[in-house]
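One chain, subunit A, links the two complexes that follow: it is found with subunit B in the first and with subunit C in the second.
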Partner chain A sequence: MSSVLNKDYDVIIIGGGITGAGTARDCALRGLRVLLVEKSDFTNGATGRNHGLLHSGARYAVTDPESASECIKENMILRRIARHCVEESDGLFITLPEDDIHYQATFVEACGKAGIKASVISPEEARRIEPSVNPDLVGAVRVPDASIDPFHLTTANILDARRHGADILTYHEVTGLTVRNGRIEGVQLRDNHTGEDSEAHCRLVINAAGIWGHGIVGMAGIKLNMFPAKGTLLVFGHRVNNMVINRCRKPADADILVPDDTVCVVGTTSDRVPYETIDDLKVTQEEVDLLIKEGEKLAPSLATTRILRAYAGVRPLVAADNDPSGRSISRGIICLDHEKRDGLAGLITITGGKMMTYRLMAEQATDLACRKLGVDAKCRTAVLPLPGTEGKSGDRPRHVYSTAHNAAEGRQGNRVQEVSETSEEDRSLVCECEEVSVGEVKYAIEELHVHDLLNLRRRTRVGMGTCQGELCACRAAGVMCRTGMEADKALADLRSFINERWKGMRPVAWGSTLDEAQLTAVIYQGLLGLAAGKG
Partner chain B sequence: MPEGIQLKNISGNNLEQCLKCSICTAYCPVSAVEPAYPGPKHSGPDLERYRLKDNRFFDEALKMCLNCKRCEVACPSGVRIADIIQASRIKYSTHGPILRDRMLANTDFVGTMANRVAPIVNTTLGLKPVKAVLHGVMGIDKHRSFPAYSSQKFETWFKRNAAPKQDGYRKHVSYFHGCYVNYNFPQLGKDLVKIMNAAGYGVHLLEKEKCCGVALIANGLSKQARRQGEVNINSIRKSAEKGRVVLTTSSTCTFTMRDEYAHLLGIKTDDIRESLTLATRFLYRLIERGEIKLAFRKDFRMRAAYHSACHMEKMGWVVYSTELLKMIPGLELVMLDSQCCGIAGTYGFKKENYERSQQIGSGLFTQIKEVNPDCVTTDCETCKWQIEMSTGYEVKNPVSILAEALDVEETIRLNGV
Partner chain C sequence: MKYDIIIIGGGLSGLTAGITLAQAGRRVCIVSAGQSSLHFHSGSFDLLGYDVEGKPVTRPLEAIGQLGAEHPYAKIGFERIARLADEAETLLNEAGVKVKGDSKKNHYRFSPLGRRIPAWLTTEGYAVCEEADTLSWKRVEILNVQGFLDFPTEFISAGLKKQGVVCQVKSFTTDELRHARKSPTEMRATNIAKVLADRENLRKVADCINAVSGEADVLLLPAVLGFSDEKSLDELKTMVEKPIAYLPTLPPSVSGVRTAILLKRLFARLGGTLLVGDKANGGVFKDGRLVSVTTDHLPDESLYADQFILASGSFMSHGLESNYQRVFEPVFDLDVDTAGKRAEWTKEDAFDAQPYMEYGVRTDRDFHAIKDGQTVGNLFAVGSVLSGHNPVRLLDGTGVSLLTALQVARTITERR
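This part shows the complex of A and B:
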């Protein structure tokens, strides 16, 4: 650790969301010496709490043409560089009897202007290609929407950054910015596992902390008008749809249904929340009811589909610069040069934007950083494939692979070749719902910055399936022990993991979800003797 | 909160009622002997979520499922696990049926051809060189013997000897005899006619009867199964409209038509489901309601061991057959532990399944030998073949035992026929 902190970095990036990870990759690819610090785990903020939608941009075509054309460009780039994280499902924008059908023409025209291929299809055709769609629809437009896995996308960016020399520290929280003579020279850090304090030096800090970026610049006395907007989503037990389904109208609540891996996700709500609440978001009953009610209009079968859990994230929305009223909130990319804006050299904030425009955000922030550091290097992130997508699939043609292998390939891409399948133990399953093998868990522990079960879940989907950890959590904890975690720590980790799963199930705890939670409680408390603990 | 939203949002998707308790896997006869089989929970509700995403997640290991439905009997949440597995085989399997599968599945066609030249077929199929060819070329295991074909079909016998008298009875039932009775073992059908007539019921054939299709479904020929199923259900409906309940003497045919038609083939059966029942259940209920009486021979003595066929367990009907048998004063009935015999229709005939099939049944075979009864009794004909081949004990349908023990004169008198 001290070796990391004794180094002199060109850039320290704060935040292990997709923006930070993408920026770390871009900086590293341009030859900068990079340290990325994250106070918790990767994807802990808005990155891990959204739809997992690879927007075509159609949603913004009418209201925000600039965002729309950014989206379609990035959409096409991510299909190439992050193929293993993308499922090319396409999307529908449906008009229901209660919607204005005239909006469709405006919508299609705006898509055309933004460069988004949008073709009007008949309601019959829409029902044929997506049988789950609301059969009452009166119009449909097909667009190149897709789904993208933000967890694996972040992991791939981190891996590539690391491969190009970046140092990565998770669970390291910035507690202060070191400012000398009007210039940032480093950051003070606290190790959130051990509580140890340390300091790291650099020529430039890039604040990619999302909504928490507000607090980061605050440490240097700079004010950023951030407006936390909570968005709540519901995860359903299985896919009812294989295409993204949107409403063809101005963006509103709960009007997108995305098929993500083995589940589908409906969202979102949008509510301004106080900054103080962002670390402990609670999903309300009203939000859940609204999501079900509106979700049913997209695909009626959602009404009778089990809801696995509810979750909420906070969009890092920023008021256009120096507008204290916050009226002119932008959903576009904000890249702030604090030297120009606030007279503090060595600090850049990159925020706003969307999960799927992270690469463009990273490019803008890195361009600015390079200019400031006097480095002349071109951005290559739009053409270089990410680890997992790069290279060729190592699978032998016509060979039959296990479902766990195929599922792991869906998560890790071509890196599945690094997952051991040699021993019977490695081939056996930790997570049966999501097909995660012991081999894949070991791979994640060794290669993907896994310290606990929560980290493991985000790298592999352990515990994200129907049983929400009922069968897999204790097995995963067992593998963690085998690879060096102390038993006491693993037990405490197991307890907090089960409680974290329950937190998401609680707002939707009825029917089979409640039954499942009760069975889980009986297994862990009654059978295995895990104490309830706090939470 | 919108009214009743929680009450309404109870999963209508059967696979999601699975709580992952894994009791089904503990009860699965295949999982018990075959480590390569993912087990019912995993093959069914778990993997179905992946198959919904991409059909390349279909696993040919699902062919190891016997469709015995013991997983469904064990499930505390009412998940139709085996249906999920069978439906996904119908939907996703890319390996079509081979010639062997078509031959095993087309019991009607093969049976009709074989009846005409029964003695030749029976002898030929028993010859070692023929078995070797069937094993090597066709993939039908050499240890298996085909059930002998009868030289006269049940239908032919019935039309010549029984049909003319049937209209003379006051009450009437129809009889779905099935392929086994028709082509291999007409005696079982004759036994049923004897009992029903003695109890005052006329027995009639259905307007049209096709093989129930259980073997077609199991061998990936669901389209043909659906066609045959429609014919059967239409005939059953016509019978029901005349007020004639349709009786059967095969648990598997009954189960297939009552449940699999609707669940796997999408045939509408809810209006006639209650008009189709196993003969033992029909008789037991009549006796219980005091509508008929059966009298048994004083000199009848037998010690029989009852084997609960998987589909009898699934229907919950074991009790009807056993309670009926217990009414025979001279019969000592021993209940065998309820476990799968391993044959599962055509499954055990296939070379690739033979060894697994015998391993699954081994517990049952051992118990039968320990009990050492005069004969074994069960409601399923394929269990009969498996037990006879694997233990050497004779296996009889409960209806045949009833017929054997029946005091016909006294029964006729008691029922005022």
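This part shows the complex of A and C:
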């Protein structure tokens, strides 16, 4: 049994997505003794599989005013506390000839009510400020949308939680809830790397497991009306747009194009899927076809832009308790006190909501937790900047000026000062597409809970660029070895990383994506001899 | 402009065909778009590394008999393979690509991960062993250039240790190497090779190696020497006190670049014309024959020839292309062997045999290309653009390139 688990925790948070990470930070800042457990890696669920869009709320202004005003408030907060994760691009809501132009007035009015600055601009002006936009547009509204990196946002929350005393365990799955006298007293855990079982004690469990939260409360015999809604997205190999482009109409499929770092992302589809499929989502050809068709309407140059990969996530939607059919699904934040709802003390579920309203979700869950625990402490997460944004960017030693340093700063924020740049080896580039140095890889391995190449990709963007890991995956595996991983394990990891990348490339494997796939196969299987099963 | 033969593609198969035809006294023009798959070369050439079940092949000439009828070797005729293999070896050595091996029996090369992989011919000086599971070394030192990430020493040493070899990893650098890597993107095998092309720089590297190396039967070094000829590979051997052997690195491959340079040099010596950096973009067909081709850089001029050879490579070399709906051959829109539906092109596991790997230009038994169902009498296809084999699974890519090129060159020279 691991030593951390001998502690008595106030709160155990289940789930290493942005909601769990944000809740861990909030709880820790309020002085609670916190353990966060995640069965896989951080951001493995919906957090890492969305647009990376910092909604202005405009999208929901007409249909869901409450969500819209939540969004705009959180939007403004995140720009302050997570500046290093946000790119302030602004967004357009465009009306195409096939759309009803009258909707624009309704839209602008609703934005105004929700407190979202929405200015109507002429199609000419829209084409000038965003040259990639469909030139046929007949109307445009400018709103404060932006892009946000959910991976780095989660990392920053985790780091701050840890700094304020939280313990964090990834690859630890909850296998059971310890219930005594109608009250939860802890969780049973399995280490998914070693298979070892253990137990941890606490006064309160916060279920922040997203769609998997359904199973967590199920362990206590509680039923939650959750409906997995799959959303598929496509990543393009270039950043064709600098502003978020949306359609000015009622929310529909594939009507948002977001510039993220060096790429852009179009999505999403929305389909209810069976609960059994959530751990192995497959992207279908129909979804890809739809995304391309609709994406080209936002920015016609997507037709000739290489598609890097396709991916899908599951939104944790919850139906009202009195509606077993699931027709009245809420997209708002759901914070459940299971003591009140089900008579089981010591359990809270926080779900619904959106990636970008995580902070508010965390605040609501932590407020409830504090009330339950009799702790009187105010939420400070709306004002305290996250690690990476807090403080000042350090003085850069002149001799290491490089674009790689800037790239690292873009990912790690002010924490880039902790990345070693002194030795030549540390300045060598592991990943050239994303300019990730050996120093940054080592920093991630030491500080950011990196156990494998997949973890590393999410912390540093290694293998996320145009080549999808062609050489950098092998180089990164080498660095992992040098920092203590066994060679056999690193090779097995390299194989699964190649397969994970292929999973995303396969639904879009034509044109240069197919060319790239062949090149990767020639290098890894032909030249390196990394075939499946071969020792 | 009029040639006897125009070859589209300046990679291994195009150059091999070009050299053979030029040696036979023909006026040959090669149109070469640029980078070839030689840039991903291991330093070894393969005839057949694995059989259809994925087992390592010991005797390639015998194992070839088991291949299907659509395999390019079957089209050549199994009985001709041994002779063509000898010719290929002779041609490589004539060009200055000094290789050793035996088509009757595979040896094993090392991969950059330290794995043993069956091979037919390997560049002299590169580490090889006769069997997959025996090593003659007891004590080995792996020496790497400091900060060179494309030579993953950890994996090589782990592999050797498993075989009971005592293995140590060391690194070295010199001011020149340090300088060459001022920009962090420049630490590539070919860049290091350019620095080490200078004899003085090489001398300093040898001094470093002599200073750091300890007790060892052999010193294993990354193959980052010999950019345009093999001299420095040999020179370093004489300068270093202990025996050394080279191991391939991650791409770009110095041995592959060198092979391309040496083949081009021989082709030029024989009077061949090489249009570098140009791309064939179409042709004029008449009465079942290709009359002329046009290129990107010579838009107002057609290139005429009696015979044409398409040696433009597979998808990664853009000899084959695909879009949303179909796989096609982009220069002439030749008939292609492929599956209809996109979903059938690939398999879910990246390490499964991927169907698209076998896609390519359809030919008759003499490698005549087929367009709209009709054989084109004077247009041949050779090398990776051909359908009918999976070079990643069978490890037969370089063999197919060399042998189909030689076979077609022979067909052409015997024709008149």
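Of note:
Everything below uses one rule, namely that the second predicted complex is superposed on the first by the 524 of 535 C-alpha atoms of A that agree within 3 Å, B and C clash if a C-alpha of one lies under 4 Å from a C-alpha of the other, contacts with A are read in each partner's own complex, and residues count from 1 in each chain.
What we mean here is this: a contact is a pair of C-beta atoms (placed from the backbone, for glycine too) under 8 Å apart; a residue touches a chain by one contact, two chains touch by 3 or more.
Since this is a predicted model, take the numbers as computed values, not measurements.
Legend: residue contacts after superposition of the two complexes on their common chain; A:467 is shown touching subunit B, with no touch to subunit C.
Of the two partner chains placed around the shared chain by superposition, neither subunit B nor subunit C is touched by A:6.
Applying the stated contact rule after C-alpha superposition, one finds that A:285 touches each of subunit B and subunit C.
Of the two partners subunit B and subunit C, more residues of subunit A are touched by C. Once chain A of one complex is fitted onto chain A of the other, the partner contacts of A:428 are limited to subunit C, with no touch recorded for subunit B. Of the two partner chains placed by the overlay, only subunit B lies in contact with A:239; subunit C stays clear of it.
In the superposition on chain A, contact of A:63 is made with neither subunit B nor subunit C. Residue contacts after overlaying the shared chain place A:526 against subunit C, while subunit B stays out of touching range. When the two structures are aligned on the shared chain, A:262 is found in touch with subunit B, with no touch to subunit C. Shared contact residues of subunit A with subunit B and subunit C: 285, 292, 429, 432, 471, 510-511, 515-516, 519. Within the complex formed with subunit B, the subunit A residues making contact are 237-239, 242, 259, 261-263, 285-286, 289, 292-293, 301, 303-307, 400, 403, 406-407, 429, 432-433, 435, 465-467, 470-471, 510-512, 515-516, 519. For subunit C in complex with subunit A, the touching residues are 37, 40-42, 54, 111-113, 115, 117, 146-150, 152-155, 157-159, 173, 178, 181, 184-185, 187, 248, 250-251, 253, 314-316, 318, 321-324, 342-343, 345-346, 348-352, 354, 356-357, 391-393, 395, 397.
For subunit B in complex with subunit A, the touching residues are 1-2, 5-6, 8-13, 15-22, 38, 41-42, 45-50, 52-53, 56-57, 59-60, 77. Contacts from subunit A toward subunit C in the complex involve residues 285, 292, 402, 404, 424-425, 427-430, 432, 437-438, 471, 474-475, 477-479, 481-482, 486-488, 490-491, 495, 498-499, 501-503, 506, 509-511, 514-523, 525-534.
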